[in-house]
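Consider the two complexes below, in which subunit A is the common component and subunit B and subunit C are the respective partners.
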Partner chain A sequence: MSTQLPDQTEDESSAGEAEPTSAAQERRMAKKRERAAERDEKRQAEEAEAALADEETYHLKVFRYDPEIEGKKEPRFDDFHVPYHKGMTVLDALMYARDTYDSSLTFRHSCRQAVCGSDAMFVNGRQRLCCKTQLSDLEEPVRIEPLPHAEVVKDLVVDMEHFYDQMEAVEPYFQTNDLPDGELEEQRQSRENREKVKMSTRCIWCGACMSSCNIAAGDNEYLGPAAINKAYRFTMDEREGEDMKQQRLEILEQEHGVWRCQTQFSCTEVCPKDIPLTEHIQELKREAVKNNLKFW
Partner chain B sequence: MHEHDVIVVGAGGAGLRAAIAAQEEGADVAIVSKLHPVRSHTGAAEGGINAALREGDSWQDHAYDTMKGSDYLGDAPAIETLAQDSPEEVIQLEHWGMAFSREDDGTVSQRPFGGLSFPRTTYAGAETGHQLLHTMYEQLVKRGIQVYDEWYVLDLAVSDEETPEERSCHGVVGYDVQSGNIEGFHARDGVILATGGPGQVYDHTTNAVANTGDGVAMAYRAGVPIEDMEFIQFHPTTLPSTGVLITEGVRGEGGILYNSEGERFMFEHGYANNDGELASRDVVSRAELTEINEGRGIEEEYVHLDMRHLGEERIVDRLENIIHLSEDFEGVNPLEEPMPVKPGQHYAMGGVETDENGETCISGLYAAGECACASVHGSNRLGGNALPELIVFGARAGHHAAGRDLGEAEIPTGKRGEWEAGDVETPVEPGAIEPSVEADATGGDAVADGGSGLDPAGLVERATERAKERVEALLDNEDGRNHAEIRAEVQESMTENVNVFREKERLEEALRDIREAREAYEDVGVADQSRTFNTDLQQTIETRNVIDLAEAITLGALAREEFRGAHWRKEHQERDDENWLKHTLLSWNEGSPELWYKPVLLEGENKRYEPKIRSY
Partner chain C sequence: MSQSYNRGLIEDFGRWREFSAGMWAWVFHKFTGWVLVGYLFTHIAVLSTALQSPDAYTTTIQSLESLLVVRILEVGLLSVAVFHILNGLRLLFVDLGVGLEAQDKSFYASLLLTGAIAVASVPTFLAGVFG
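Up next, the complex of A and B:
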């Protein structure tokens, strides 16, 4: 399945046109219409021109939806032809389309360098981080949709609340009873142990893994790969100690925890930070088994 | 109306640390941020955190290096506070579980960085900021601190006494990006701005799209002076096509810069005979551009940064993230070829004028992190000094706003201490197009009409009503100018005219361009009529902030007739301690910017920092 189309809502917005009440206002409206027409014309001309020089443009098909704007309440795809330059990413193309053709085109983005995790989207049928996806690696037309299995807020923006809730459900913070006494003394950690948790700490909360996971799609309470990976980061950190590990494994062993994973590797495949998510989940399963045997 | 003791605006390193600190002090604190905390640009910081943790190092040495790096424009009380508090704050992060790189004995690793007399840059691979941001957000979750995320702060609620020093701040106005609702936030004890830098003033920048300097611009328009805005750091190693940062850690670990002749120019052309690649950032950026301008650049645009000789093992161990960045954003595998690099806008040394407790001259209004200017960095920030600034001054602002006694600040704010009037000749009038009208209409300014007699909640309500009017006006002008064009023109002009090398005519050119942008902005409008996630509206408002700050940077650059730190002037090739050992301040003055100066404080706890010739 590609994009889930959200439920339609009643038009209850205040964005409807107000009745013109005065001549001045009418003149203003007429001027507005005129300028809008001019702008449309300009845009069409630009797009046509861009389309002509076909080799130098990329054709984007972008998912559009707005719960309160006429014409956008029914989800649709808009076409944009964006002039290409070497090194151009999907995010660059989206920004160009927004700044040049349609300022209402809406998507999250910030750092442009794959660390803020804002711009995971469904690009040509796969979860990708737009800022680190080169247009030249993609087939045309480039189809850009919001992350599947999440509610669409508008255009390419999805509601991340559920993802955040799962991340926060695993006690995602360091807990230890072994802090050193000395005021400026650090709690030592071996290089090996730091190496062990290193990949798990790279997560940027982009949600690509969760969106790609069939289990998460069917079980809303499943913690999901990102949250389990967050738990892995602490469970495997030697500084937390054995008691804490015990407590963490209990959380992970719950009905909607690690045992739900069916090892399909879709999360691992889409992770833009190359975190071995499935391996981490498997390792936690083994830890849980070992732990249970210990108490037999 | 929402109500809390302390409101923190922004959720990067400084904002998160401030919120935790306020709560440590017992306050009911909330964060209002236009991004979810983990999206903040602190996460992009790579190199590390300077802290004197080891034997053989001392806070005094850290302070001295910082003062020298600042080219004697930092204030000693702020610098010494940074150096003294940093070790404790770094160990605090370690105790919160931050995944620092480790030595064989299990202690945290430190490496050499530019301008440091000791390898005191504490790091986590080449992703120190990411680890710091996430560790701190974990603590926020643990403590249950409330975050209003994807709420964009439109304005401050400030009282309207005649002089800024008599005003007080009582809250902010927030715009809920998801719903379009505009609501007041009443802060009983204080508002802390932690909104980061203004990198979007330039088009080649390491900064995020979100870095539009909102807090600095809001504080400026509310009457708080902004300090040393002309000092912009251009990082010597950014990828040419995107501006993505390549950490100074590459040079710290031994990376070498080459020109097109294959010369190690930092030494061979005498830019820094002792420290070479590890000279201060301003020195290295000027050297690179000089090479390029003299025809020894590659493709007339960049130089090479080579780290292949470090060996794959060491690179993967300490700089792995750099391999990914270089491959993903420049298509170059740095294990096999040198990386193309050129200077790019990176950091603003200036910002909202504060004292060493983070407080501004408006009571109840604080600033910390890159948006603030205490001043720690003076005219040039050392690598590895931004992250400690976030945690040290974030913590101080949070504690102080929540009522902890940190002692009397030594740095005077506003026109309270010694100051002198300034004057700069400009080709066009800076400031608002119609200052008096602007003050009434936009609500972006405090109106100096002699006090309205409103109580704090009333002030928040009034600011909220004004913000609503401003937003309605923008939405009503559906077919007005698109902000993106205006912003792009400012960014291009700034990159063209107010860059590493500055000269009078070019600075004047920039001021003319900025004036044009202001005029265009008079007719700016928002085409997207939706109340749902209207980024068109948000960015239109950000663009106003970009314009105000571009102008402030350029005014400062034109006024300062000397060469100090990151500020190089063609007509004035010497550092002039006799006339310019002073901070540049700009007061918005209800739309007619006023330039003034205050002396640098070189008197430390136990010594005076005598300005010396700065060489590396």
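Up next, the complex of A and C:
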């Protein structure tokens, strides 16, 4: 996980906000901007030089594409040589490349600690969470591409809308008509039941699993591993009660639900939160069968 | 965003190099399953020569078995069937939720056993074809 602070450079150009009132003020602001630009340039040159002089650099090959700028509409790969520090993650390297070499390099990230789920990318041929992937675990050049099987919006950013739609389709929230008697009574969960759903609650909606799934790639309506896992989290929650479970199984049993899964295990292999996705999908398949075949 | 980049089928197919054990198992299982279905038809065609006369059947079989290609195809058929059965058993265990942690190892084991059985069958299948 990323433990490094990004090299923050104070942005002095707050001139835009403060209305310059006098000519003197304007001159001062202009000078300030000039100095800031100079400092920036110097820092960039220094850092680039340090990167080159440094023995330990990592070679990144980064996918680039920008539909809005003439000349960048053709997808291409850019090379970046990033100085390596111990503990550096792929996200750290991308941030360095963006802050030092090319500020137009676009990717999503936020928490830098595998919590927000915004930086799943295709790194050296595998869906990985960049902030959770150590550079030292990878072979050079480190090839960074946007998640496969999704449309690229710009550089490493893909359109996640379809993934979110599938997540919403399974009603990913607690519902029950099995309320406790007393008004102030809590809805308690047994320890065993909590253990059962524990792993499934860890999903951070990164979309790595969906991107790795060949079936989801071929069938756009397939709910996909993350959504089914989300449904598992509630279907297996005893507090929701029998009625709700029935309703949830009905969603899962549909043509593009659990039965599309062909147990290729790719989702389970890429999930950065180590959720046993295939196991959960298989268990829901068995639940569905038990629900429909009642010989006893 | 007005535009986006759809990477299309070509790039999707280019990703076969990034397949992992379970994905290969799936591809091979589909492939072997359909080869077996295909064989079923030729199998019926050859067997039904016996409807004409016992002699017609004997001569058909004898002429087929004298061909080296057919002998080699038979080794292939055995391998395909053995892999389909072994991996089929693996899939049944996966469906029961048994031994999911070993799904990749059981795939490699299926491959190895298939290879071993195919090699061991070569003397039997090729016997006499060169004679």
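Quick note on the criterion: the second predicted complex is superposed on the first by the 237 of 296 C-alpha atoms of A that agree within 3 Å, B and C clash if a C-alpha of one lies under 4 Å from a C-alpha of the other, contacts with A are read in each partner's own complex, and residues count from 1 in each chain.
In the analysis below, contacts are C-beta pairs under 8 Å (C-beta built on N, C-alpha and C of every residue); 3 or more make two chains touch, one makes a residue touch a chain.
Nothing here was measured: the structure is a model prediction, and the numbers come from that model.
Of the two partners subunit B and subunit C, it is B that touches the larger number of subunit A residues. Contact with neither subunit B nor subunit C is seen for A:254 once the two complexes are overlaid on the shared chain. Of the two partner chains, both subunit B and subunit C are touched by A:67.
Contacts of A:160 after superposition: subunit B is touched, whereas subunit C is not reached.
Within the superposed three-chain model, A:112 lies in touch with subunit B and out of touch with subunit C [touch as defined at top]. When both complexes are overlaid on chain A, the residue A:292 reaches neither subunit B nor subunit C. Using the contact criterion defined above for the overlaid structures, shared-chain residue A:87 touches subunit B, although it does not reach subunit C.
Overlap of the subunit B and subunit C contact sets on subunit A: residues 67-68, 153-154. On the side of subunit B, the complex with subunit A involves touching residues 35-36, 38-41, 43-44, 53, 87-88, 91, 94-97, 99-108, 125, 127, 130-131, 134-135, 138-139, 141-142, 178, 208-210, 241-245, 324-325, 328-331, 478-479, 482-485, 488, 526-536. Listing the residues of subunit A that touch subunit C in their complex gives 65, 67-68, 75, 125-126, 148-149, 151-154, 159, 214, 217, 262-266, 269, 276, 278-279, 282-283, 285-286.
Chain contact summary for the complex, subunit C toward subunit A: residues 1-7, 11-12, 15, 17-18, 20-23, 25-26, 91, 94-97, 100, 103-104.
Against subunit B, the residues of subunit A that register as touching in their complex are 13-15, 31-32, 35-36, 39, 66-69, 86-87, 98-100, 102-104, 106-118, 132, 153-155, 157, 160, 164, 168, 172-174, 176, 179, 183-191, 194, 197-198, 201-202, 204-205, 234, 237, 239-240.
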